[in-house]
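Let me begin by handing over the structure; questions about it come next.
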Amino acid sequence: MLAFSDGLFAIAMTLLIVSVTVPHIADDSSIHDLADALNDLSPAFVSFFISFAVIGRYWLAHHQFISLLDAMDQAFIGLNLLYLAFIAFLPFPTALLGEYFSNPLSIVIYAVAVGIVSGMEVVLFRHAYRKDLLRRKPTPEVYRFGVIASLSPLFFFAISIPVAFVSTTLAVAIWFLTAPFGVLLERRAPEGVESLFG
Amino acid sequence: MLAFSDGLFAIAMTLLIVSVTVPHIADDSSIHDLADALNDLSPAFVSFFISFAVIGRYWLAHHQFISLLDAMDQAFIGLNLLYLAFIAFLPFPTALLGEYFSNPLSIVIYAVAVGIVSGMEVVLFRHAYRKDLLRRKPTPEVYRFGVIASLSPLFFFAISIPVAFVSTTLAVAIWFLTAPFGVLLERRAPEGVESLFG
Amino acid sequence: MLAFSDGLFAIAMTLLIVSVTVPHIADDSSIHDLADALNDLSPAFVSFFISFAVIGRYWLAHHQFISLLDAMDQAFIGLNLLYLAFIAFLPFPTALLGEYFSNPLSIVIYAVAVGIVSGMEVVLFRHAYRKDLLRRKPTPEVYRFGVIASLSPLFFFAISIPVAFVSTTLAVAIWFLTAPFGVLLERRAPEGVESLFG
Amino acid sequence: MLAFSDGLFAIAMTLLIVSVTVPHIADDSSIHDLADALNDLSPAFVSFFISFAVIGRYWLAHHQFISLLDAMDQAFIGLNLLYLAFIAFLPFPTALLGEYFSNPLSIVIYAVAVGIVSGMEVVLFRHAYRKDLLRRKPTPEVYRFGVIASLSPLFFFAISIPVAFVSTTLAVAIWFLTAPFGVLLERRAPEGVESLFG
């Protein structure tokens, strides 16, 4: 399961660039025209790097989490496939964002898609905790911390949705706050997280 | 062989989204136009999630089955490559279904393609059983149960074909019955299946 | 190296379907129009299955061969990357054949591309034999047999080139002769091949 | 991490061919027209093989380097994902180069993209050296040699940038000098490199 999930993540991350197509310009050798055409693609490049970072972060969390499992029941396997379906889906909202960076709707769709992945992460963690699938059962404090850490991106993506209708650039800027917040959160981690996630 | 098959499944499942292309609208920043264009894509999204579930289910069955093998003969390797060819082909009927959801022919082609995969699953299982390639030879009851379990989706996909000419939505709805039927079937599994497939 | 090569083969085989795009028809719900459009795609389907079989066969040979290696020198790694470059290239001649099945040039290009892969296979085997990279050094008879087995597809692909200018269908039919010839050849394998390749 | 990185490299290398689309010609069966259309694609073929070699070389270096690591800290994992983001990005400048081979700007963008990857390689190596993540700490001489070896392609890609504005073909020819230079460099490797990288 780990090898399969890792492969799927690697493919989804590499496919992100496929939707960025080479622009067509009339005069092949014009530096100016090509520079202009590539400049128009800059939202697509920004979307590529944002999504690579987003999926990369999910991969890290998922990889560490799956490595901690002792066993999987049928329900967990099903939930994990549902989680992976949303990961495999992410290249679409990424391409949409790259094409319609200034359209609030593409921000909303991206935020919702990422939110669902974060939500599914919690569902997986909760199931593994309740059904005792983890090698070492985390303490309730560690469990609560894990849930909060998984849900924290959801908070930033949720507030970006109304902001998108004012300014899409500001909405995307809010997404970048998840990284420093994650670092802050880690400093406040209860004892026992290290031995579980370290 | 297991790593190669797993990789091929993961790629086929991730490629499903590639055929869903971002729509082109005249007014880039119009929420209404983008919402309309995305609404037109909803059959493509439905097809993506259906196919992800279908190929995911085949992956699980195939992964468990291959893990049970003790050895592979040349014929098995050839048959397995043929099976994988049909798996790698599935993104095409998926894209066809996403584009022509209301056309009975795309339903028929999808149902036939999935039916061939289920049929090949039985061919592989039958070959492994007859040539004693499995680590633990299943009892005839367990073998018969495995064949029935493999063929059960074929039943639902077969009856969806005539239904598609009346209503394509109803035909697709019938496909969803394979999941609860699979659960029902598992409850009636003979002894020894657990130790073989559990 | 084995995992990397296997992954590259699996991706190349799965990408073959990406170039087969869903046809566009005016009347979405017309069964007749969609059937016609799909019928026009039949050369693309034939090309997909031929190439899947061709690359699958190369994968098997390559996987078994790499598994027999004891060590790799720098030159072998470089040659293997060149071999893999031609494998990764094959989706292009496949797509070309699917689009221009009746054009002799696409037959020639496909035959040359496959011929280069077979040639590279011999180069790799020869290098491993000369530099003693194989776990068990094959006897000169076994070595000669391995070279002939690798070159045999080249023979059929070479004669298909002039034939293509008479009939492209006949040229492709000749390719199918490699399979029964391979089986015939295996029956005449000298002693020691089994222990090397079995 | 190694399996994930290897998978990502294999996918990026195989995706390079996806952007080379089959040309459309009016007369399907005309050998002459197809030959002409394919001739126009020759820059795309050259770009494919150059990029396959470039990414293949990075993969070798990265694979060997990661294999030497004893541990990874959070910062290293983050830096490695950034490195992989630029690897996953390379199919875009490759496609750009294939389409606009005679445009100096596409040469510049390709050279800069490859330069960033080489730069990131040094950043990763430096971090691993400073934080003692390598299984066997290299001597300062070996460390300095590794940095120079990583930066050497940067030198050739940098001088190709001004040259591109005179002749793009000459600029690309300069890139090919990295290979013989790499061989030369290896001959001057200090003692201890063998045991580290051999």
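Which chain is which? They are A, B, C and D, in the order written, and residues in each are numbered from 1.
Note that in this section contacts are C-beta pairs under 8 Å (C-beta built on N, C-alpha and C of every residue); 3 or more make two chains touch, one makes a residue touch a chain.
Fair warning: this is a prediction, and the values are worked out from it, not measured in the lab.
Common neighbours of chain B and chain C under the contact definition above are absent. To fit its Cα atoms onto chain D, chain C must turn through 90 degrees, a value rounded to the nearest 5.
Averaged C-alpha coordinates put the centre of chain A at 27 Å from the centre of chain D. If you average the CA atoms of chain B and of chain D, the two centres end up 38 Å from each other.
Counting partners per residue, chain A has 3, 7, 11, 15, 18 as the residues that reach two or more other chains. Those residues of chain D that touch chain C in the complex are listed here as 3, 6-7, 9-11, 13-18, 20-22, 28-31, 34-35, 38, 48-49, 52-53, 56, 59-60, 63. Note for the complex: chain C touches chain D at residues 3-4, 7-8, 11-12, 15, 18-19, 77, 81, 84-85, 88-89, 91-92, 95-96, 98-100, 102-106, 109.
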